[in-house]
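Next up: some structures, all given as structure tokens.
What follows is a pair of complexes built around subunit A, which joins subunit B in one and subunit C in the other.
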Partner chain A sequence: MEIPYIVNARKDTGLINSKIAIWLFLASEVMLFAGFFSAYVYLRMGADYPWPERTLPVLPGLINTFILIASSVTVVFAWVALKLGNWRQFQIYMGITVACAAIFMVFKGIEYNVKFHHQAARLHDYTVVEGHLGYQKDDKEEYVLDRNGKKIEENRIRVVAEKLTFSVKRFHAPWVNEMLSEAEHAKSSIRLIADIKAIISEGGEEETIAKAGEVLSIELLEKIKQVQLDALAHNSALRTDALRMEWKEAKLANPSKRGWQLSSDVNIDMAALSPRLLTEISTVEFTVDPPTRLLFKPRDIKEGAASSTLRDATVITGAMEASPMVFHNLDAIDFQWLVMKAKEKGISPESAIANSWLMKNSKFVREAWTWHIARNENRQAQLTKGYGLKEDGKTPKRTLTHKELYRLGWKDLGEMGVEMQQVKIGGLDKIKEEFMGPNYKARGDKTFPHLSVPREEIRHAAKFTPAWNTYYAIYFTITGLHGLHVVGGALVLLYYLVLGRKMFLSNPEWFANRVEVGGLFWHFVDLVWIFAFPIFYLM
Partner chain B sequence: MADSIEAIQKAKKTYLLVFGALLVGTVLTVLVATVPALDVGGHGFDIYDAILGLVIATTKSTLVAAIFMHLNHEKKLIYWVFFGAIFFFFTMGALFALSESSPIYDTFFYK
Partner chain C sequence: MSAHAAAPSGHDHSHDDHHHEIPFWKKYIFSTDHKMIGMQYGITAMLFLAFGFYLMMVMRWSIAYPHQALPEWMSWIFTDSWKARWLQDGKVTGETYNMFGAMHGTIMVFLGIVPLGFGAFGNYVTPLQIGAVDMAFPKLNMVSYWVYLAGGLIMCASFFMESGAAKSGWTNYSPLAGFADGQIVNQWLAGQTQWLLGLICLITSSLLGSVNFITTIINLRARGMTWMRLPFFVWAMLVTGFLLLLAFPPLEAAGIMQLMDRVGHSSFFMPSGLFTKSEGLADLSGGGSPLLFQHLFWFLGHPEVYVLLLPAIACVAEIIPVNTRKPLWGYKSMVYSLLILGFLSFIVWAHHMYMTGMGAAVSTFFQTTTVLISIPSVIIITALLISLWGGSIRFTPPMLWACAFIPMFGIGGLTGLPLAFNLVGLHLHDTYYVIGHFHYVVAPGILFGLFAGVYHWYPKITGRYMSGFLSHVHFWPSLVCMNIIFFPMLTQGMAGFHRRWYNGGDAYLDKATAATADGANVFANTVAQNIDLNIVMSYGAWILAVAQIPFIINLFLAWKFGKKVSSDNPWDATTLEWATPTPPGHGNFTFDVAVYRGPYEYSRPDCDKDYYPQWEAPKNKTQASAYESTDKGHH
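Now for the complex of A and B:
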């Protein structure tokens, strides 16, 4: 089939069809990103927490901007080469464009990876601490390994389970296997507490489904689950039929009344129905003997002092052990939110900070804060010296920002390390920091110390992912979507580069038009980044 | 669009000039955001920095759209499509903004 108007323009539009098509597509793309950028503006305006301003590493973002701009030029040069009939030049320019796309994605990958491994926690008093979690070590400073030989991260909820109550319908098999495995490792057994008896057929006698003392297994839970599902299906059918009959009778008795007028009179006679019902078993209880420590990821469990509940509704009865969140390297202390809340209540920032859990419990934080206050006084003095005072002769024209006043980021801690501990690092390590964040290895524990936060002090904790706050949610949404566009665009350009030779030889004008259309998409990808870079990295 | 060999050769110079302008614009964006001496408005990030950053970004994107995407000499239909999208871009933002002044927007429920 011959595709019309791919080389010569239509008379009515004066354009080739593919060009109109790509512009219509780009218009829809403008709308798509418009929606997300609008979302960004409104999330930022409506944020009820200090928005993380200028928090992303600028250098990789800047390099990525250069890379995308360069690729925009090379893609247009590739098209020019085709117009001039120079295949070799086209290959070079298009090759550079695709390479630029790959480098862009590598930098983005590094940036994302750093975020996915960076932990943050908000305490109940709204202090935020950030850093890097490590792995559990024993008394001999050796890593504690789980039964699979993997290191156990210092962010697990530990519960000494005495009794497990599973939801028959909702139990999550992999977690049950995990518990069985842990119990086996600890030479403990998990057994059914009491007989499970049920009527499994209408009018039948009660039968024993499982006996007390039976060992927990997925098969056993599945067997009970099947009994439960059968009972639910049978009973709900009975109830529905009974209800339908009641409605029918009520309607016959009162033909003039509307449905809603009858509703109060329609009730199922449960006494009559109950002999026909099957036994529903919603939960089953198992004892753990001897009681065993089980480890859970915080996102999977709602912990309590004496009993905890998993996301699959399994209730674990037993004491929660101390399960602190251990930052092997603390790299930011942030009182911005705490101060915001304190001001709302009319409490002075100084008093709120002095009474925070962190200041009361960490010597390092107290020292760091003292250093920070002294430095801020110097910084304010410099600002006043540089920009002077307002007309009243007292108020400085420029003052430190909320962030500068109440947040000690990793760069600040690094600066403190240099001043107080003379911890200096080499140029290469410094450059590495600009891409990968704080260099714990080079700067050491004196700059980024250990901090253990009791679980009960933590209000919310997450890696730097959309789960942490709306800033990261919209950051990952927009940059992730943009990244997908980069990959998609690069694949199309790569296709032209690798498989375009034949078309170039047979119909060079058509091929040049296709490259132009692909190039238009690529420029759009560049356009989005031109806005995304300052908005996310510099504002 | 530049279709003759001469016109295309000439356009290459323009592309390089735009490339240079985009690089300068990018460096400028970073400098005004990070160098205190170039900080407009008050100290630190504020509305003036946002406006300046967006003005630079808009200038850069105009260059890309006009020169690299050839919007400086396109057919009428493309302008309708492109500027139609831009119109709806701002309309969408305006709709959000207007929602706050709507008579049915009751702060009792939302704040």
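Now for the complex of A and C:
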């Protein structure tokens, strides 16, 4: 049995099978990306916050665009070379294509990496601050290391645990292990507060499952969990039987009534049942002695002054220490959202900004803002000079944008540093900044200062990841999926390049067909980028 | 010409040869033969259908007897600890009901009917009907089955997790679906996340499948198999393929975005200021749009209805001409209607969303397109109905089901018309009326069509007939019970019963004044008047379950003990699948296939037989010229 039209086209359709298939597949891909791009439009149209415009580094994006276009050309050359039977030339062009893909992914990787290390926080008054988180330092300005010798990022909730209450069914073993290691490191012990006693067989005596003072371990929790699960299963079966019995009797006693008419009268006789039930243990309590500081990621914990709850329902009793988010390098101050909200309420932007937590608590921000306002007046004057006034003779034809008015990005801060603090920056460092973002080392603390934000001022915080806002969410989703397509396509092309020789020799036409199909996919990958680049980088 | 039409023994022999050549695992498990893959799809899909049916029975118990423990004949399947986790004193809880409801819908739609209609029948029959040796990409075909199975298992595995399976309805609307199971620390092990992962597998599978089907139909048609000679079944598969190809990807996009919302904490579908009972003010960026999810979901969701329907109509359209011994009435208009239907199905999706407040102009547009799409559907059904007119009908088992399909689907379709209007939606939205409507389409409609297909092609697949007696025992109770289940739903729905009540409306009863006929609580009285229908419907469901037992027995016993077919073409049919040996071996045909005429040439006056197969060369000049003129007529 042989499938026809693999190498030679069918006469009436003029197509080989794989050519049809790839076009169909691409049609489906178009619909997939259409779904994402329409999501972009929908999210941007409906955004209830200032949509970030032109925040991504254009230069690397632009270079990537040209690289991808170039690779689309070379993949065609590679195919032509095959058609001419020139293996060597095919190798060269296909090699360039795959190399282009690799360069593209390297740029993409750098861009992603910068984002993953860039923190942003929205305060309760809708001020947004951005920058680089620091690591905890001790009094001698040396990094504090955790028990694994790693620096501790200053975005942790710190709780001094005195008592731990675990949910027997839901405790998350990795977290328990983490607490155990932390306690061991701090030379404290986590011990059971009271004896755990339970009836574990029907009609049996109460038995001690674990004694007070027993040390916390996963095994101990697992043992109690098993007791609990057995008890639940046993009790549930008993109660089910009891309920069935009650219903049987109720129906016999009231043959004319419907089930729903009887329902409020039918109840399990718990007094009769309770001697047969097993003990259910839903939580177990441990003391931590001496109390030990535990660190948690903000998302894992609902913190409170005296007790906090983890996502696995573990309750930690003990005081929460001050857990500020510390920007070691603040690199953007953004009042756009605050102004938007203020205008909705009829408050003037100036007073809203002046009353914001940030202006009240940071000398640097006040200075920077004064500089910014002076510069804005200058810029506006130049705009007015350049474009003139409207017909009413008062309003300028061009005004500064919302973003220019209310956001101080890292480039603005850099400009201010150079102007005000005489910070010197080399040309090479400047080019590097175009790719890697603000250069804290070269510009120093004078440009990008230290800022500590108390936890209670923060409404929402995240790295520059999908969690930060819907712009980054759609940006990462589309470019990430595009990146996967680049990698997938490049792997296929690489396969042709490395392992194609044999097929080229035995069936050159078939091999050329394959490369053609791979090339079509490659063009599509290029096309997606042609759409993605302007909407994320330029608009 | 027709040596293949007789002497099945010779083919059995060649079949055995293959058996020796191909190792077991390659022949039955990792097979690349479209027929074996079709059977794999069929068996898996039927198992999923049975599972989905079981979930529904548990739900129906909860609706009928919300205060009574699940009876042992249904609950024996669970372990004690599972029951302790998910049942309250043996009663179905609201949470469990939601879980079963969401999974019932998902399983029936994505794991049951689509794989049975498109995956099983499409795979088995399409290449045979166009005279191809196999699908264009046999390995891809195998992969699509395994990806489908993986997707299904991933989804169902979540029943055994701490979180349980997905609970947010088969539509999985955000923000509910976005934060459901949020208490689970490792989100990858939450049922709601597993649902999305499973869905992405299923979409990938159907994408591979549809590319394969369309390519096969375009490029592997036999000599002489012009477009207008394609059996209607193949046309339906072509359109279904395009629907899957183009409608599924936006849902995949939505699925990926919802996955990002769950594991990447993004807010694609999470609005600003979301406050939930479990989490309080959600720690999210907000700014997303729940409506966006609904748009993307229903962009798939509506074409999906036709993905379910078309294979069933396709089966019926094949069975009716064979059993009436006359051509399909209006073949061409059916084909064109099908194409228009396929196109229109892409622009009706928002009629599922009238109540979202998306605006009157948008609603009006979708109301118009929705009314428009009823035209091609009615043309197809009418053509099928007229095809019966004046035929010498043979009430074979497949024909019974095919005949029942028409009125049952008719009720489903007609009850849908009122729902097209957004004003009516105000009253009927999310009531049991909607449930009744689409279950009429899907259960006694589509499933009957697919049952018809099973009875029809079974002799080709196995070389034996299914028992006629058992099929009657299967058919009549099924027909009655389907109506007992679904007709009261229309009544209840119009009375205002909400589709998601896990206790069948019990909570709305005013039990204190229920005895008096005219209590002040009007809605409680309405509920009290209609609530007993719940029990009727539930009994209908359980009897329906019993009625499927003869089918299962028949399906397995006939394989070994059924009456053997006397020829390769036991129904005296005209389409190409009957020109193959029984069962068809690897590569399908034992002769060089050529097609000489349209697919439904029954009772031609110039023929001695009452059927004139597509593959038989014209015997004399009159027939040849007749063939030429019909051929011209088809273009």
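The definition used in the following text is that the second predicted complex is superposed on the first by the 511 of 539 C-alpha atoms of A that agree within 3 Å, B and C clash if a C-alpha of one lies under 4 Å from a C-alpha of the other, contacts with A are read in each partner's own complex, and residues count from 1 in each chain.
What we mean here is this: a contact is a pair of C-beta atoms (placed from the backbone, for glycine too) under 8 Å apart; a residue touches a chain by one contact, two chains touch by 3 or more.
Keep in mind that this is a model prediction, so the values were computed, not measured.
Peer 1: Tell me which partner A:244 touches in the superposition: subunit B (first), subunit C (second), both or neither.
Peer 2: second
Peer 1: Using the superposition on chain A described above, determine whether A:31 touches subunit B (first), subunit C (second), both, or neither.
Peer 2: So A:31 meets both subunit B and subunit C here.
Peer 1: Does the superposition put A:526 against subunit B (first), subunit C (second), both, or neither?
Peer 2: In the superposed model, A:526 contacts subunit B only, not subunit C.
Peer 1: Output check: A:264 vs subunit B and subunit C. Expected answer is one of first, second, both, neither. What do you get?
Peer 2: So A:264 only meets subunit C here.
Peer 1: Comparing subunit C with subunit B, which touches more residues belonging to subunit A?
Peer 2: C
Peer 1: If we overlay the two complexes on their shared chain A, which of subunit B and subunit C does A:420 touch? Say first, second, both or neither.
Peer 2: In the superposition, A:420 touches no partner, neither subunit B nor subunit C.
Peer 1: Tell me the contact category for A:144 with respect to subunit B and subunit C: first, second, both or neither.
Peer 2: In the superposed model, A:144 contacts neither subunit B nor subunit C.
Peer 1: Show which residues of subunit A both subunit B and subunit C reach, each in its own complex.
Peer 2: Comparing the two interfaces on subunit A, one with subunit B and one with subunit C, the shared residues are 13, 15, 20, 24, 27-28, 31, 34-35, 42.
Peer 1: Show me the residue ranges of subunit A that touch subunit B in the complex, using the header's touch definition.
Peer 2: Result: residues 13-15, 19-20, 23-24, 26-28, 30-31, 34-35, 38, 41-42, 53-54, 58, 62, 65-66, 69-70, 72-73, 76-77, 80, 83-84, 383, 387, 398-401, 403-404, 519-520, 523-524, 526-527, 530-531, 533-535, 538-539 of subunit A touch subunit B.
Peer 1: Write out the stretch or stretches of subunit C touching subunit A in their complex.
Peer 2: That would be residues 64-69, 79-81, 83-85, 87, 89-91, 133-134, 136-138, 162, 183, 185-186, 207, 210-212, 214-215, 218-220, 245-254, 256-257, 260, 264-268, 272, 280, 283-289, 292, 295-296, 299, 506, 509, 511, 514, 531-532, 535, 586-587 of subunit C.
Peer 1: Touching subunit C in the complex: which residues of subunit A?
Peer 2: 1-5, 10, 13, 15-17, 20-21, 24-25, 27-29, 31-36, 39, 42-43, 46-49, 169-170, 172, 175, 229-230, 232-237, 239-244, 247, 258-264, 266, 268, 298-300, 302, 311-313, 460, 462, 465-470, 472-474, 476-477, 481
Peer 1: Write out the stretch or stretches of subunit B touching subunit A in their complex.
Peer 2: 3, 5, 8, 11-12, 15-16, 18-19, 22-23, 26, 29-30, 33-34, 42-45, 49-50, 53-54, 56-57, 60-61, 64-65, 68-69, 75-78, 81-82, 84-86, 88-89, 92-93, 96
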